[in-house]
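So the structure is just underneath, and the comments pick up after that.
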């Protein structure tokens, strides 16, 4: 079966210990479930999700992808397996959204908000991991406008997010 | 005095007659006030704002700028005076935000939401023109996160938006 | 009549006094001839061509356009009239090529070579200003491949380049 | 040992049977030698190199990377293992160059020329596979300007290109 990609988008800003722990768990469980994990490839929450993914026992080469803002491969955190330097700055998030089967948004700031809205516009299924009281939590359960019939799916923790991703892709049915 | 730029960001989607009329008025009043007006340069609300700007009696060459998604100059609406084809698709909105002294957001969908959040992140003063019940209206008066001390300024109509833009840039004080 | 754009592409690298003087003359004569002048908008040869353009007595607002690699408007040289920050790095040259009616290449290094080849690929008429013994001189009079029937036109000095640009656009015929 | 990336850049244009056969051999031998292979991910020579890489017995997941011009993953040829849709058009070649340890250029047209010059500018080791009488052959053995002390290395066939890539990266020495 073709491998599926989950893009984990984080809004930047300061990463708390709690959100890093959750992101690490998220990366780990996603690879356990057979997904490839793409992120912005840098530090903080991006590094946490990459690290979790890399340390899953199910990890295979090519499973941890980092889409960097700059052109220097050295910007990638050490857990990234496939490094893609773009030179596009924040605009590289459009690549993350475009390559994803499902987008999981983490974090509460304007960056997360912008990326959720972008994913909505591109028609990708969206899961908001409710790590705090910011935008991911606020938008969970809502539609951003009427161009789509679905909603942003809220997940209370990493395990729920992975289960939701599988369900949204029809991977939870018995073969 | 150096000319100032106002970027008018619209979320795409269907443009109602009412929002086009308001956008046309907005473009006209912005050029009347001495601003240059940048938009996405295409049809619908973008065309309305360009047309209004071009037809102001205060119009000078270089006042109506269109930052196109594609690489074909012919995509520009006929009122655009300086045509910039980018080939970046929706990611070209980052240029609109970066070139602006003030960003004015029009519209209620996910596109508008994404662009407001992007402008917030880039530290640009934001005015939300409350044309309908969508995101521009919903976010007026709010801060998106705590990285900035200001808020998204709501404007009830085009005239208020222009007055606000002047005030935000300190252009409303007697010389 | 609609205004025409000339994109002046320079390969970066060190700018000699001679090439700056020639670029300045080029910018001046292009605006004298009624063209708008777009460049990379920064220092060195880009600044020289912008300065020459800005100081032409025929200068009108909107005539000197700078397509910047970064997102900071402050990177533009002081002679640029319309500042477009892109955040695309060197990839912003694709915008310069796309917006041009004619591309004039200046300089002898790999940057110039890359940009000439890009302009060729995009089907734009190309004039190589033969400032030195580098690539612009070497390619003058040649076709890069067989996708086009024309050649890269060599110009010995700024005046010839402007005359060629007018001829290529059919602007040298009596009205 | 960290995996190394070879970017195979092709100028577009029509792909002859001979150049496809050579590209297929190149992809195959690169993966045999332990490299990952990145290309533009589409049809013609890009598909040939991807196919060769994918069918190597040494292939592991993540070894065949396609950096697409558009935003639609479906544009990728079926042999690509990691699909990166960029929405940047031809400007996506900057990603290919930036991610590579060594760039191998195939083909004779203006596209190849532009990409070789870009790779030169970015300081990447370049191998020109001399498939025909075009630019790759013409530039083999030459320096594009004096910013670098090395030259563009010509390779007569796919086997030589792979041996050269190993030598340039110091991978040909006994452990």
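We call the chains A, B, C and D, going by the order they appear; numbering starts again at 1 in every chain.
What we mean here is this: a residue touches a chain if its C-beta (ideal position, glycine included) is under 8 Å from a C-beta of that chain, and two chains touch if they have at least 3 such contacts.
Remember, predicted model here, so these are calculated numbers, not experimental data.
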Greatest Cα-centroid separation from subunit D: which chain? B
Pick out whichever of the two, B-D or A-D, is joined by more C-beta pairs in contact. A-D
How many angstrom between the C-alpha centroids of subunit D and subunit C? 31
Mind checking the centre-to-centre distance between subunit A and subunit D? Centres are C-alpha means, answer in whole Å. 30
What's the distance between the Cα centroids of subunit B and subunit D, rounded to whole Å? 42
Send over the residues of subunit A in touch with two or more other chains. 71, 87-91, 94
Note which residues of subunit C are touching subunit B in the complex, please. 3, 36, 60-63, 65, 67, 71-73, 81-88, 94-95, 98-99, 122
Contact set on subunit B toward subunit D in their complex: 71, 87-91
Counting only contacts in the complex, subunit C reaches subunit D at residues 12-13, 88-91, 94, 108-111, 113-115, 117-118, 120-121, 134-135, 144-145, 147
